[in-house]
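Residue numbering begins at 1 within each chain, and the chains themselves are lettered A, B and C in the order written.
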Amino acid sequence: MRVRRRAAVVAALTRPTVRSLPWRLLAGGWSLGVVVAAVPALFSLDLPAAVLANVVRAAALCGAVGTAFVLDDPARHTTGAVPVPRPLRQALRVAVVGLAGAVWWAAVLGVVRAGADAESWAALPAGALTVEAGALSGLALALAGAAVRFSAVRLPGPAVAAALPALPVAAAVFLPYEHALFVPPGDPRWADAHTLWAGILAATLAVWAGCGPEPRRRVRAVPGRGGGVPQRGGGR
Amino acid sequence: MTALTRTPVTAPAPPSARDGLRAVLALARVEARRLLLHPLVLVSLAGYLALLLWPGGEPEDAYPVLQDVDRETQFGQLLLGLAVMIAANLGVLRSHRRGTDGSFAVLVVQPWRRTCAHVLSVLPTVLVGALIVAGQFTAEALKPGAVGHGSVFELVTGPLLILLLAVLGVLLGRLIRSSFVAPLAAVAVIAAAFVFVADSSSPAWLRGLAPVLFDEGARPLPSGLLGRPAGWHALYLLALAVLAAAGAVRASGGRTRAVRATALTALGAVVAAVVLQGTAPSDAVREAREVATRDPAEVQDCVRRGPTTYCAFPEFTPWVDEWARVTDRVRSLAGGPGAEQALTVRQKVNALDGPSGTGEPSPAAPGEVTASTAWGGERELEFAASVARGLVVGHERYAGVFCDARGVLTVWLAIRATRDGEALFEKTGEGYNSPGVIQAPVTAVALRDRELTVVERLLALPRERVGRAVRAHWAELSAAGTTTDRAATLLGVTAPAETAADREWMCA
Amino acid sequence: MTRPTVSAAGLTLSYRGTRAVDEVTLRLTEGVTGLLGPNGAGKTTLLRILATATVPDNGAFTVLGHDPSTATGRQDARRVLGYLPQNPGFHPDFTAFEFVDYVAILKDLTDRRSRHAEARRVLDAVGLADVRGKRIRKLSGGMKQRVALAAALVGDPGFLVLDEPTVGLDPEQRMRFRELIAEAGEGRTVLLSTHQTEDVAMLCHRVVVMDKGRVRFDGTPAELTAVADGRVWRSTERQPGARAGWRTGTGEFRNVGDPPEGARLVEPTLEDGYLLALGGDPVAEVAV
């Protein structure tokens, strides 16, 4: 009964969800990603697999910047107290964007393939790079989810998108050699790095899922200090 | 309540052109503070400083080569610049994002003046970047082991990168009113700077278009041989920043003749800088590289210490004492004829491909051994191996691995003559994923498993005991025909049998 | 009629050490209850709590018999309440109809035909029948506010929470909105936060005054006016004992506060009672 009811809500909600998503921003990020991925093909550069992997990563980062806006909802307060739970609404958004994003990602890989010689393409582990791309987008999603959960902002996207490029850069700069995330294909650290990537993907999705439900109890940091969860921009 | 009663107040004087400038400066001050204290900038600064001040580092860091250190400051500045770009962009878009455009549109200070203020507001952040560069370089230059000369142009490149990116953030904010663009631009800059143009084989003018002139060669070069168009590149970045600033001012309605003249001048400077970068390196530099590579003696200073003569490029002569310390240790371990044999330590480079070159210098002339242009840690071990090879073998031509007593002797001498030699030997093996290999200048000194095992057994013995045996049997150990088994016996250990992998090596 | 439909006890919520809502106990009944208070009094926070948009640190409340402190209780409460936030946001590309329909889906109305009928009904009710096919970005401020009210009215909620719905409306629109709210108050519990004492005087059967997170007054509008009985007077000079005083169009001062002996008392208004109910704070801070 409940499942059928939910299914009916999802069916009814899909169209307005598709309409309300920030497609222009997503398309902007995705377009830049395709442009980056197309550089080797456009200029007929014969790039080795290591550089191609970085091209794919740059494209993935463009997509992640777009993903930062997925939870932007200008009508958040107007729909602040409705019975359809937030996790369902967010999951629907993510599912719609995820489907479109999968098509985009296939296009990115296709464009890279078109610009790579057979040998370089064979040396490029597309599956593992997809995990990296998923983790980067998952990171954006987790940040946006946390911003929605812990503040009253309607549009977490701009702040998340601004912070997002900093994280991979910080990872590239700060992580020690043995635990590097951005390793070239064929490197002995590749397997370890991708275990880490898969962990990041799982962790970010878990954070997003954890931030989904609306709180029923307020988290009180230090009893007596009356801090509570900061709620910026909510108005008192 | 009475506060609202109209009382005469000193009314502000009617505005003049000067006041307009003053308003821009006042606004710039406010924006500058907001930019510098923007969370993204603060976090990036904190991360950047933490990275710089983090204790530890390689032993090689104690011997910085200043003409390389100067350009190593640029990447951190580039990353800081990306954060500043996004923050400056958000600053420009604040009014749009917070819905104050309507009320601000009718204020006295026109939008293009506000853009000017935003452009000016990035200068304190650029200054902070410059201070970090100055601090970083000064700290390196003050190290007792520092050699060489930094270039002012390389040093200002970093702060200019921050300037360019920040002004680009302002420009983007004026062109596209979405806070989405700056993060994407950051990704694009990352792609342009790190992914595509990290290739030194591209034409010089194309390389010059990238934010950072990337050069990562095998070893430092004397500063006169670098031939990097650092000055033109700095001009390029500056002119591009001015062009972007003029574009931002124009985009927000500042269509004055001065703005157009500035834009045209900047555009001219950008084109000129790109063209001039393409002309580097000059013929003089090419010739100097040729000389330094083929006939270094012509440009080197030599010092005689006992039986050894040390010849170095003038900038590197402070390291002669370090070389002498290691050379003397090798000689004292060798004893007898090895201690007295005349030897010239000559510093050599392969400068033909400039600072990106990865080629090794040519083998030394008879009676000479090669020193590189890097020092400290593993480089010390490599130099010790070079000296030991000079005493034991007498040449640097690659003729295969020494599958005999000479290999064992050379490596043992190198390890024992170096501070922390054993640890460094292990580390260098791990680093290159090839245990038993020392990346000595010109050609690596490599051991097969068999010889490596003998050396490891020798290292387990007291060094005096092995040292006595080495001195006693120097002539036999350093002779070409002496087998590994014989060497092991002479030195008091046993040698394992030859393995299948051992047999695949080409023996000298 | 006097049976409480929404009751709250000891509601407390702090932000960074300040108590935005401090031990608020309330019983609401059918009809329109006005919530008055200066800026920062905690009105919005109280409304957000009662609308289940935020969770209190302490205290409990029920909405039409549902306890929102449990997951199912909150779902059930949300099915029967409508909330118009202080600054309602919209998807600007949606038409008025699409937006209200979207909110209807989120209120769990899944049957397409009846949902569309409901969306049309509430848009008719707020007088937007002719513009329901227009994109929200093209609507005027007053119309947008009515879209938000329509969204709150979807599903015929028994409890309606309206946070300053008349802000920024012109007098005619405000009049129209008062009509709508009065209509909505028939057979429903409406909690209306406002700065307009006239709204309260004209609409509400009951009024609550809040300041610094606490309830300072709870009673009928007549009782609030009565607080100022004998404390409003006219004078020709500025009066030092007046909590508030201003020169009126006649050239005389109208004072609220503690009158001197033999003062010329005048009939108080609800606003006078509100000012005095706020207590000992300097009146200059009170935004009316």
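Here, a residue touches a chain if its C-beta (ideal position, glycine included) is under 8 Å from a C-beta of that chain, and two chains touch if they have at least 3 such contacts.
Source: prediction; values computed, not measured.
Visitor: Determine which of the two chain pairs, A-B or A-C, is joined by the larger number of C-beta pairs in contact.
Guide: Here the pair linked by more C-beta pairs in contact is A-C.
Visitor: Just by CA atoms, which chain is the most central one?
Guide: Looking at where each chain's C-alpha mean falls, the closest to the middle is A.
Visitor: Which chain has its C-alpha centroid at the greatest distance from the C-alpha centroid of chain C?
Guide: Farthest by centroid: B.
Visitor: Where the centres are mean C-alpha positions, what is the separation of chain B from chain C, in Å?
Guide: Taking the mean C-alpha position of each chain, the two centres sit 65 Å apart.
Visitor: List the centre-to-centre spacing of chain A and chain B in whole Å, with centres computed as mean CA coordinates.
Guide: 34
Visitor: Between chain A and chain C, what distance separates the C-alpha centroids? Give it in angstrom.
Guide: About 40 Å separates the centre of chain A from that of chain C.
Visitor: Flag every residue of chain B that touches chain A in the complex, lowest number first.
Guide: Touch residues, chain B against chain A: 40, 43-44, 47, 51, 79, 82-83, 86-87, 90, 97, 178-184, 186-188, 190-191, 194-196, 198-199, 433.
Visitor: Show which residues of chain A lie in contact with chain B when the two form their complex.
Guide: Within the complex, chain A contacts chain B at residues 25, 28-29, 32, 36, 39, 45, 51, 54-55, 57-58, 61-62, 65-66, 68-69, 157-158, 161-166, 169-170, 173-174, 188.
Visitor: Write out the stretch or stretches of chain C touching chain A in their complex.
Guide: Per the touch definition, chain C meets chain A at residues 13-20, 40, 42, 44-45, 48, 51-57, 69-71, 74-76, 78-79, 81, 83-94, 98-99, 101-103, 105-108, 110-112, 115, 148, 151, 161.
Visitor: Under the definition above, what is the set of chain A residues touching chain C in their complex?
Guide: Within the complex, chain A touches chain C at residues 5, 8-9, 11-13, 16, 19-20, 73-85, 89, 154, 215-218, 220, 225-228, 230-231, 234-236.
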